[in-house]
Amino acid sequence: MANPGQAPGSAEYLGEPKDSNIHIDLIAYTADSVKALDDVTALEASRASAEPGISWVDVDGIHDADMVKRIGQRFQIHPLSVEDVLNPEGRPKAEYYPNYIYVVLRMVTRDPNDDELDSEQVSLFLGKDFVLTFQEHDGDVFGPVRKRLRDPNTRLRQQGTDFLAYSILDAVVDSYFGVLEDLESQVDALDVLEATELPVDTPVRLHKIKRQLRRLRQALRPLREAVAALARSPDEWIKPATLPYLRDLSDNLAEEVETIDLLRETCQSLLDLYNAGQTQRTNDEMRVLTVIATIFIPLTFITGLYGMNFDNMPELHNQYGYPIALGLMVLTSAGLLGYFRYKRWL
Amino acid sequence: MANPGQAPGSAEYLGEPKDSNIHIDLIAYTADSVKALDDVTALEASRASAEPGISWVDVDGIHDADMVKRIGQRFQIHPLSVEDVLNPEGRPKAEYYPNYIYVVLRMVTRDPNDDELDSEQVSLFLGKDFVLTFQEHDGDVFGPVRKRLRDPNTRLRQQGTDFLAYSILDAVVDSYFGVLEDLESQVDALDVLEATELPVDTPVRLHKIKRQLRRLRQALRPLREAVAALARSPDEWIKPATLPYLRDLSDNLAEEVETIDLLRETCQSLLDLYNAGQTQRTNDEMRVLTVIATIFIPLTFITGLYGMNFDNMPELHNQYGYPIALGLMVLTSAGLLGYFRYKRWL
Amino acid sequence: MANPGQAPGSAEYLGEPKDSNIHIDLIAYTADSVKALDDVTALEASRASAEPGISWVDVDGIHDADMVKRIGQRFQIHPLSVEDVLNPEGRPKAEYYPNYIYVVLRMVTRDPNDDELDSEQVSLFLGKDFVLTFQEHDGDVFGPVRKRLRDPNTRLRQQGTDFLAYSILDAVVDSYFGVLEDLESQVDALDVLEATELPVDTPVRLHKIKRQLRRLRQALRPLREAVAALARSPDEWIKPATLPYLRDLSDNLAEEVETIDLLRETCQSLLDLYNAGQTQRTNDEMRVLTVIATIFIPLTFITGLYGMNFDNMPELHNQYGYPIALGLMVLTSAGLLGYFRYKRWL
Amino acid sequence: MANPGQAPGSAEYLGEPKDSNIHIDLIAYTADSVKALDDVTALEASRASAEPGISWVDVDGIHDADMVKRIGQRFQIHPLSVEDVLNPEGRPKAEYYPNYIYVVLRMVTRDPNDDELDSEQVSLFLGKDFVLTFQEHDGDVFGPVRKRLRDPNTRLRQQGTDFLAYSILDAVVDSYFGVLEDLESQVDALDVLEATELPVDTPVRLHKIKRQLRRLRQALRPLREAVAALARSPDEWIKPATLPYLRDLSDNLAEEVETIDLLRETCQSLLDLYNAGQTQRTNDEMRVLTVIATIFIPLTFITGLYGMNFDNMPELHNQYGYPIALGLMVLTSAGLLGYFRYKRWL
Amino acid sequence: MANPGQAPGSAEYLGEPKDSNIHIDLIAYTADSVKALDDVTALEASRASAEPGISWVDVDGIHDADMVKRIGQRFQIHPLSVEDVLNPEGRPKAEYYPNYIYVVLRMVTRDPNDDELDSEQVSLFLGKDFVLTFQEHDGDVFGPVRKRLRDPNTRLRQQGTDFLAYSILDAVVDSYFGVLEDLESQVDALDVLEATELPVDTPVRLHKIKRQLRRLRQALRPLREAVAALARSPDEWIKPATLPYLRDLSDNLAEEVETIDLLRETCQSLLDLYNAGQTQRTNDEMRVLTVIATIFIPLTFITGLYGMNFDNMPELHNQYGYPIALGLMVLTSAGLLGYFRYKRWL
């Protein structure tokens, strides 16, 4: 996030510092040919965009602000957009600039170690003959897009930059499904249990799931609005033929947001159920204590009564005193048991 | 759901694999004649649409992606729509394409064995002279529609494809009523009970009902929007005379969504009531323990006191010691009982 | 509700069957004359509408579908509207048809026996020279409207069918006020009590009140939208002079919906208060048990200690053993009481 | 509220009957002169409006329906507006009529005796050369407006009826601030306390505050909409120069509604805090009982064991029996204390 | 807040009185030159605005109403705006006046001593050649803006008053990030703990955090609307080139509001988790008491039984009476332990 009062558009990297170099990949293609270059320099990247055909420049790493700024200048990116690229905590959005459309979105993956979501900002610039993407780290979900680019028979190769941008967005949106399915299966694992079978760590698990759902929702809802805005009408950079694809993407996002809301409600319902189960269990335990204590308390009093050492206690010297006392105890407990049964506590 | 990065429009079946064959039914009719063919091939199905009159091609099973794609091509369905047909987890929607309207909806039935909802996606294509429907499994709620098609005097036979599509949608929407009535009667069975009569599995039952209501709502709300959109204005494929019918359908859906919301609120209110009843019951039990324990604890102390074995305890040797001790106990318990009554705990 | 797949517009009665005959009343009036006919036939009813002046045909009973259909045909009612008339569970709405406006609403009364709401569907058709109403049962809240129709000096007699329709709607909306006031007084009866004075059946009472509020809200909210739509602009059937009256009606409905929401919030707040009162009461009781038990438990231990029968217990044979033991007990209980007071539990 | 079926516009007083007379004040002014008449008759009031300049007719009391109707007729008020004036439970609103704007609002004061809100309906009619206000009782918050009217240098004297109406609305809206500040200070008095310091009547206090906030909100929210509607565009009766003042008023109302919402959330948060404090307190008490009981129960068992009277109990006759028993007790309690400390219950 | 009935536009200071003088700073600049004057008089301030170039007049302190009014008159500020400046509790907003745009916003800082938010109203007037700001106290977050003004190469010096106003707004909005991050880290400190590790003051901490979040939200939400309104379209005072900057600001505010909502939900989820942890802990403790009490209660009864002093108790004189009694106790406790284990309470 920005330092208070800092010059806007001053384009400083706002995430955690990193050591590694920024890595730039370039794929330049026409319907007939494709050329993929790994680890190019910023200069080469910008030149590529001067060639006929379409260039996809993918920058992995945004921690070198100077490099990002230089790339931005070569593609004539507005300083405010550059500043947004450098802030890894930005909000998903789509913005129209005179010479490009700028889309901010988040790529979400699950960290298998600690059961948490990792998310990474992706900045996508869609221009006349280039698509420029920035990611925070190496490693992404664009492999299948790259693979299809190499195949001359795919629709992707026949279409313009708008279809490439759509394909990239689609890959990111698809990646949410996996994360959501994983969370869904976690919720379902709890949902099939009976109330009293819910494990003791149910509240913690639900708390963690709800946290991830909140984060996903915060990434998806503004993205849905952004994609719906892109899908609304054709545009200098988006051809009519691409609109159904974008609408489909927007539908997918709507469905994902609804699934998140459904899961959130299910979590809340499960928490209610767990609490009801806990209360019932505690009540069952307390009922046993109550019944045992309530039955034995008067009995123990009777034993105490005839355990007193007064000289003058005629009952003690009566031959039938003991059996009578025992009988009294049996009657007392029978009476209490009957009362409990009448009250349906047993 | 899609594999991340997969080519959009690549039309792969995304549900659980099945062995059985896809089954295609065809009903071709004009106002004067009707011809019903069972289990036709895709080729026959597409040819039917070339005849004069209206064809309803109903495909049961979407697990054979190639077959679905072939049918799609014959009816000139956009690849994105074919992809949607093949994804049985899609969101209800209505989409306008140049040569058809595409409606996705869900058909809901109750599984009588396990008290759960089964739902199945239905894809409906409304074209100039054909209606094409895809279902996941054999068995549907369209029997009465088929029966009416055979009767030359029904409005259905006199009208165009739009009325057939409406009749199919109407049959699906009507099927929700039965499911809802069943859930309503489950809720009502609890709602007529007193707070303390609510069975111990009330939270579980409500949890299950709420789950089904959530699922129904997720199917109905977007469908309502879709039908309301269809009902808004006439169109190349929807004649003005059909609009009141679609508005009526949209009203029915609105009513169903409101009934769901009402049932959800009733469930929440019942859960509150159950919890209040449980708390009251526990409190009543604890009150008995409290009263009995509180009365006997001092009495037992007194018996313990005079059960001590000190040599020098004058009370023990007093002739009236025992009756005085008994009197002390009576007074103590009377005092405590009076206090409890004053505090209204008895 | 409809049977799945049934032909739309097939107009079957969907409520509970009844034996009694359908009863038709007719009031035909001009500014100068009025003619009221009780229990006319459908034929007479429809002829009345051919006379100069305005006819109000009021049909009590919708369980005879044929009769309703015949009446519908004579007034040229669309089959879908007839179907809606025959479904007593319809949603309040206003619909424009070429030759009439159709309003569905609910008339609510309180059943004095079982503290529940009875509600009955009213269908109102507003045409050029007729108002046609359908009710489920005999007995309604229209008496004052009929009375005013007989008085030639009322605005009602001077105005057209729109004002008659408004007067009927107004009578229904006014009837809600009585029901709401009754519920309000039930809530207020609880609201004036202190937290601990709330009766033990508070949750049940609130549950019942909330159920009735939910039902009322479900009837009122769509009706408000419908009336607001009627009040928006003049129309072939609604004259500008009637619009302020409809706006006023819409205001009344808005106020009623707000009162319902206020009462619902009050119910929720009362339930919170009751729960707090119950918790406090339980805590007070447990505190007494805790204090008494905690004080006597060590004392009873001491008595047990000196009630043991070991041969070699020097304290027992000490002359001051008993008073020392008593002193120890006094000190122990004083110490515990001091601790409790320090902790503010007493 | 209206009697069901009563003629609309029949203008009956719907509040509680009162004995006192209706009291009419009149202030007639131009930029140069001012004339204030106390307790005029309806006739005088209406004549005043015929003079050049502006008349403010303020009617205290609406329980004499005939008088109100007569005044209404003299100022050519629509019968529906008169009916609204006579219903003291109306909803705040602004309505445009051909010859006046009618504003309904509520004046709120705190009853210092019983800590409740008193509210009173104010009806304001803004015409070409008159402002007509109706209040339920004597006594209002308009003193400062009257005072400023007497001062020829105030903007109020220079402007038209719209500014007078604005000044009256502003005085009412300002009066809410005092009530809100009072409620705010009540909430703040609780908000500065620690969770366990919250007094035992916190739920009741919050319940009362929430009730007043609900009532205020019900009066303010529709008023805000009404004032925002007035501020939207100039009009025959509202000059452009007055619009900023009305917008400012609308802003103040928006702020008040937001403050109410903030206070409601604070109340809810305080209730959660109180409940948490109560639970913690109960748990602390129960923990002491648990620890003491759990430690002494086995000890008391041991004393009971050696208090048994069997002939053949060798331990009793052992010389070290008593010290060994005491040692056993010390060990038992030490073990239990250690366990509790390990479990962090101490 | 205003005194009821006070003249609108009468411009009285409505905050707490203060002694110190009002302090006025002036920075006048063109692209080529800059002149900064500290502690100027109102007269000098207004003259500055007559010079060529742009003047930023920053007034620290609004408690001297006369001074504020005088400054207002010199810059031709509408009396209503002056009144708003003098009310330190105003609602954030943007208003268009013929000769300036008026923005009210709040500057938020954290008081390091008492963990509370301090907030201060800032009033900003954007005119043709001046920006006029009012703050309540000395000390602000504008240092970096002033610093950049001194540097001739910054965009700020090249642009007009709209960019200066934007820079000031941006500095305020940036200052929220710090506050939010601090609150976020407080929430996160709780969020990483296990349910049973949450400290006992968790409810209080969450209550405090929620209070601050509510206050922030109340400051940010209307500001967001205001900035979004400014960013919507160019204007006499706002050039098209500045719009992307304002949109960016509006995005930042949207993100902050979303972060607040996320934190609020996290707080609620944490409170649920804490409550679940407390309940579990209490239940665990009660279970130990239950088990120990339930096992020893019957044992103690047996000891009491054989501690009775009846003459005729054959068991006492049996040689194996004592071991048999001990065996009975062992069996009883083993039976109860087995029952508990079967019930899974151990």
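Order of writing sets the chain letters: A, B, C, D and E. Residues in each chain are counted from 1.
Throughout what follows, contacts are C-beta pairs under 8 Å (C-beta built on N, C-alpha and C of every residue); 3 or more make two chains touch, one makes a residue touch a chain.
Keep in mind it's a predicted model, so treat the numbers as computed, not measured.
> Can you give the shortest number of steps from subunit C to subunit E, where adjacent chains in the path must touch?
The least step count works out to 2.
> Hopping along touching chains only, can you work out the least number of steps from subunit B to subunit D?
2
> Fit subunit B to subunit E on CA atoms, both being copies of the same sequence, and give the resulting rotation angle in degrees, nearest 5.
145
> When the centre of a chain is set as the mean of its C-alpha atoms, what distance in Å lies between subunit A and subunit B?
Roughly 25 Å, centre to centre.
> For subunit A and subunit C, what's the span in angstrom between their mean Cα positions?
41
> Among all residues of subunit D, which ones touch two or more of the remaining chains?
Residues 286, 289, 293, 297, 300, 304, 307-309, 313 of subunit D touch two or more partner chains.
> Starting from subunit A and stepping next to subunit E, give every chain of the ring in the order they occur.
A, E, D, C, B
> For subunit D, which residues count as touching subunit E in their complex?
Result: residues 141-145, 148, 154-156, 166-167, 170-171, 174-175, 177-178, 181, 191, 194-195, 244-245, 247-248, 251-252, 254-255, 258, 262, 265-266, 269-270, 272-273, 276-277, 279-280, 283, 286-287, 289-290, 293-294, 297-298, 300-301, 304-305, 307-313, 343, 345 of subunit D touch subunit E.
> Which residues, counting only subunit A, touch subunit E once they are in their complex?
Interface residues on subunit A, with respect to subunit E: 1-9, 78, 80, 83-84, 89-91, 93, 95, 97, 200-201, 203-204, 207, 210-211, 214-215, 218, 222, 271, 274-275, 278, 281-282, 284-286, 288-289, 292-293, 296-297, 299-300, 303-304, 306-309, 313, 315-322, 325.
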